[in-house]
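In the two assemblies presented below, subunit A is common to both, partnered first by subunit B and then by subunit C.
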Partner chain A sequence: MAAIYSLFIVNKSGGLIFYKDYGSAGRMETNDSLRLASLWHSMHAISQQLSPTVGCNGIDLLQADTFDLHCFQSLTGTKFFVVCEPGAQHMEGLLKVIYELYTDYVLKNPFYEMEMPIRCELFDLNLSQAIQKDRVSLFGR
Partner chain B sequence: MVSLSAFAFLFSELVQYNQTRVDNIAELERRLEDAGYAVGARVLELLCHREKGNRRETRLLGILSFVHSTVWKVLFGKVADSLEKGTEHEDEYMISEKELLVNRFISIPKDMGTFNCGAFVAGIVKVRMGYDLAVFHWLFVTSISSNWPKLNKLLFLEKGVLDGAGFPAVVTAHFVPVEGQHRPRTTILIKFAEEVLQREARLG
Partner chain C sequence: MQFFGGSAAAEIAPSPAAPPGTATGLAGNNANMLYIFNRSGVCLLYREWHRPLHTLDAQQDQKLMFGLLFSLRSFTTKIDPTSVDKGNLGVPLLPGQGCSFYSFHTNTYKLSLLESPSGVKVILITHPKTGDMREPLRYIYNIYVEYVVKNPLYVNGTPIKCELFNTNLDQYVKTLI
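Coming up: the complex of A and B.
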């Protein structure tokens, strides 16, 4: 019973660099996930133009019947978004934690090329620990 | 005091810079070791003056514990996790660390095999081992290097620098898998040259 269904990381040009799914709902093939990532990237950009409020930074939250989508965009344009069950709490905090893990274990890794798919063992390890901790605290509430 | 992040980025750049200039992994390790060597030479001048009042280490265990405690403390803020004597060979000693500071954020890609960025630290340790003669050589070399830059490189990097008054050794960094832990432990393996052991035996 996971609160999170999947996690996407999209680079500044809209390409998918990381995709992880947790739980059977919404499991996707590689091509589908790539398509979804670039779709979201475009929507995010368009929403900035369309928004009636001044200084809009794009879509933060998308709510649907069966899922919620929380998005966090860093200052550099890298987007972290997570698809979770409706009404899941504290996703913003989780996204910030994941961003921190990204800066630590991906950006400080000399073997990682910018904008390329993430293949860092330490990132995967710490990410699953963070998700696990989040799940545990979810049940605790 | 420098922030860990700043150092991590700088070290990452150092590795990337060298990666573009080498053809294979062994050379990359060598380059990292040499970079560490340069750091070691400077740090240890400072340390010997500060900590030990210009006293010179002549015994094997003395120098090993110096590296294990004092040098590690200054560089990484803590003493190394353990210092062990090798069981297979007389001339091998190991300094182990659960996670080397330089490796903390680095994930080695699978296709690089057993490469370890700890080679940088191995270079630092290597300098300590060959300290005394290295000092004289270093001073000698830097004084003539302006005239003969090629000669400088040769003298500085060749093993010959470490022979003699110091404790010449081959120093390498290895990953040692540990059960119950995801990440392998890092071990700096120090293999002393024959003459060091002979001298130890002579000194009793």
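Coming up: the complex of A and C.
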């Protein structure tokens, strides 16, 4: 059973630039994943408007009946979010690791155009290793 | 009449179940706002206890809140990784249909949601460090049933103006941790 169901990376204007599925039931169509990404982008922005106090940075954890969604927003507005099993631990850490991989293998790639879909072999490779490592540490506990 | 299990006598007991100020080190007074919507999106009750920041006027704020919940619910139903048939994004959902959510966190607040089978939504906004609010929301829903639904002068679907409900709610909300 997968601890992580899927990973989304959304650029600062709400476009999906990376999506990977790690074993959710059913198949998500490409159009639906794009819609979900931009919907999340707007929900994230609206949640800041509804804050009772100043300095709100948007949703970082959404707890649903069958999954948890952890979101991390970088300083430049790129959002990373993972859908995982309810109660999965250390997701903030994993998101930081993914962000680090993104800066190392995507942003430093001279052929990558900013805000465009990510197609970097090294990023894919290192990402699957990081997710695999996370799973192994999960089984170890 | 109990939707959510547990005995009415225990949940409607006048003294709150949890002692204040233990888990988070915050002694009560953690609630910011409470909204109650009916199934058609009419705001039956809006109450605030601690809200230094107002970005919109009251009516716009309530509309935005209902819209956020509506969209988040279609989002969670569509993204639900455990169901095979998810339907289309944005189609209105019946209460209890599809995968719903019960809370979300930001760095400044925590929103908890309870939706009753009749479509009444109770939304509580608290300090981000407060614990699981599902039980307190059921308690608040039971206060609503006791003092609003059972009030013979209350007309269904109109804003709540029941003094007993407000005093009981204020009293209970002060104890939340």
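The rule we apply is simple: the second predicted complex is superposed on the first by the 138 of 141 C-alpha atoms of A that agree within 3 Å, B and C clash if a C-alpha of one lies under 4 Å from a C-alpha of the other, contacts with A are read in each partner's own complex, and residues count from 1 in each chain.
The definition used in the following text is that a residue touches a chain if its C-beta (ideal position, glycine included) is under 8 Å from a C-beta of that chain, and two chains touch if they have at least 3 such contacts.
In this text the structure is predicted, and so the values were computed from the model without any measurement.
Legend: residue contacts after superposition of the two complexes on their common chain; A:40 is shown touching subunit C, with no touch to subunit B. In the superposition on chain A, A:32 makes contact with subunit C only, while subunit B stays out of contact range.
Applying the stated contact rule after C-alpha superposition, one finds that A:69 touches subunit C and leaves subunit B untouched. In the superposition on chain A, A:49 makes contact with subunit C only, not with subunit B.
Of the two partners subunit B and subunit C, it is C that touches the larger number of subunit A residues.
Using the contact criterion defined above for the overlaid structures, shared-chain residue A:108 touches subunit B, although it does not reach subunit C.
Within the superposed three-chain model, A:121 lies in touch with subunit B and out of touch with subunit C [touch as defined at top]. Residues common to the contacts of subunit A with subunit B and with subunit C across the two structures: none.
Taken in their complex, subunit A has these residues touching subunit B: 104-105, 107-111, 119-123, 125. By the touch criterion given at the top, residues 5, 8-9, 11-16, 19, 105-109, 112, 117, 182 of subunit B touch subunit A in their complex. Residues of subunit A touching subunit C in their complex: 5-6, 23-26, 32, 35-36, 39-40, 42-43, 46-67, 69, 83.
If you check the complex, the residues on subunit C that touch subunit A are 32-33, 48, 50-53, 55-56, 61, 64-65, 67-68, 71-72, 74-76, 78-86, 89, 99-109, 111, 125.
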